[in-house]
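One structure, pasted below without further comment.
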């Protein structure tokens, strides 16, 4: 469904992206992981076509993705950037329906899916960070995009909201299409994602199932930690320890 | 006896020579015109605001103290609106004659009297007064209602020279009820007046300025076209006392 | 008692009508409205009615321009006056008028002055940058406004008419006095052109509640829409400046008033700002006429007296919210 062909993005001291080649199929929740500055945001922004300097080819459903017009891409694309703060203090239902493309009943159903019905008349300033993020996600998914891109959708949220949003991303992937999300919390990524893309220094180090990617070698090389993993039926947990221990 | 006569003759010669060689400087543009017209031989310095008056004999000082003193005047003619500091400084070096700026006929009489102190100026001053009285009498036959329009929505009210002349002719200055000296009128007030004659004073019509806004308004233009309108030349409107006779003729529309 | 949007709009409109009636009656002389004579009829039709209509036009232009700028720049402190756009339009207007390039009331005047308006918006975008903070926009605006103001002074100094130089202040504090139907005709084309442009780009402006990148993914060619909106701002600002001079702060106050009424959604801010702007400008103008003794107080002064303190309040609030 999505093919990335030799993507390259120039940077200041080193390229922000290089040698990115990838083929992804639909109905997956794909976690993009890596340390700070590894290129997660650059990759996601590149796929969302908001990086004008990006070189290379992207094919989505056999179409030349980057050559399409904004309007054509909009039919498939949903995007939630890293820090999104609505400038005006509007109501939650107005925020979700910002592009005003759906009917009232469709909007209500969508709000219900994201547990926003009780909040719909509250203003952006009157809801918590987690609720606001949920609303922004609801906005991005309103048109039922087949390609949903979220840059750190759960950073800075409390635990309950983190789990809720990851679950909603998972559901969206199952029902509508491909979801790409950059995630810092490796346990969360391992728990919810169908596969992971590990980024390091602008390059794609490895892609595959979570425990194919979260090897000791990769953890050490890309994150500078070693970890002990706990896998149970209902979830995944870990204890990371830094390789360079800080003395007490 | 002959010796006394000789001394008397010499004294006469010297006094005449002294008068003939007096050095007068004018501090005011209108006085420039006046002095050059009435006593050109006496004048050595003028303001220089009118470039056409400048020549070898009549040098421009542009209001600067050093330039004035360089001309070595023995008498400086100023008006009551000249810079008092400048006058005070000049008094340390020479005589200064401060003339009133007449806004009434009574003050005008004082002005004439003061000028008549000078032998060279006296006959001209008296002629000036007579001409003015003559012109005022002639106008009294047909009483008219007039209004003077100036840039930036100003007009002349009571206690102004223009109002004095108009009243002396037994004409009516329609701006008189609005106050003294320079008065501001709104456009609507001007429209409502129905003068027999409009007098436009001080406009530089050739070039655009917000000051001319009255003249750009179509309603007023309509009125100006339908009613006799007199444009008063800038030379007359800037020196209405010195050129009082012509100024009066302009108001009457006889220019 | 919470009012619905429709009720609010009707109330606002009713207040506008009332205030307009008041403005018509407050004039440079007293008029018998029941039985006007020929002169009074002329005054009503050629002086007062154009004045009220001009107030409506200028206010809606400034209100809309302010709203568009705020939505476009995602910044509640933006408006054409304090960002120097008005100053640049005034600069070209002065050059045309005082040096006789164009006669005082020709349609060429707003057309040529548009160049100034476009210069102003372009400079602002270049200096402030796209992801600029509100304070950066203000700083860039101050730089542009100061520069254009100084250039205006220089042009007026060099102008042939002797009264020109002292009129510098008048251009900065616009006035509705002594205007005629000519001024209405000068302002009309720009406004008539700009409103449809804003209408067509309205969804883009609403979408800018979110960042420009997100808006790009919502299907808008951001650069193209932005340029059209800037053109609209230039058209509206130029129309206003050419007719009455620079009146600042109305574009700041009007959208803020809409938000104070509780309407935060961009679509209300955009379309109610012209209405609140009319309300404000009519009030200022009526007050100016009532306060004036002989010479009429320029309405721009009252707008600044009310607007500048508000700007300070907004700046303080901005600072506190980031503290």
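Observations, loosely collected:
Per-chain residue numbering starts at 1, and chain names A, B and C are given in the order in which the chains are listed.
We adopt the following convention: a contact is a pair of C-beta atoms (placed from the backbone, for glycine too) under 8 Å apart; a residue touches a chain by one contact, two chains touch by 3 or more.
Source: prediction; values computed, not measured.
By the count of C-beta pairs in contact, the leading chain pair is B-C. Ranked by distance of CA centroids from chain B, the top chain is A. Averaged C-alpha coordinates give centres for chain A and chain B that are 86 Å from one another.
Note on chain placement: the centre of chain A and the centre of chain C lie 43 Å apart, centres being C-alpha means. Considering their complex, residues 27-29, 39-40, 42-43, 46-47, 97-98, 100, 104-105, 159-164, 167, 170-171, 177-178, 180-182, 294-296 of chain C touch chain B.
Across the interface of their complex, chain A is touched by residues 74-75, 203, 206-211, 213-214, 216-222, 264-266, 269 of chain C.
Chain A meets chain C in the complex at residues 45, 48-50, 69-71, 73-75, 77-81, 84, 86-91, 94-95, 98-100, 123, 136, 139.
Chain contact summary for the complex, chain B toward chain C: residues 151-153, 179, 183-189, 191-192, 194, 204, 206-214, 216-219.
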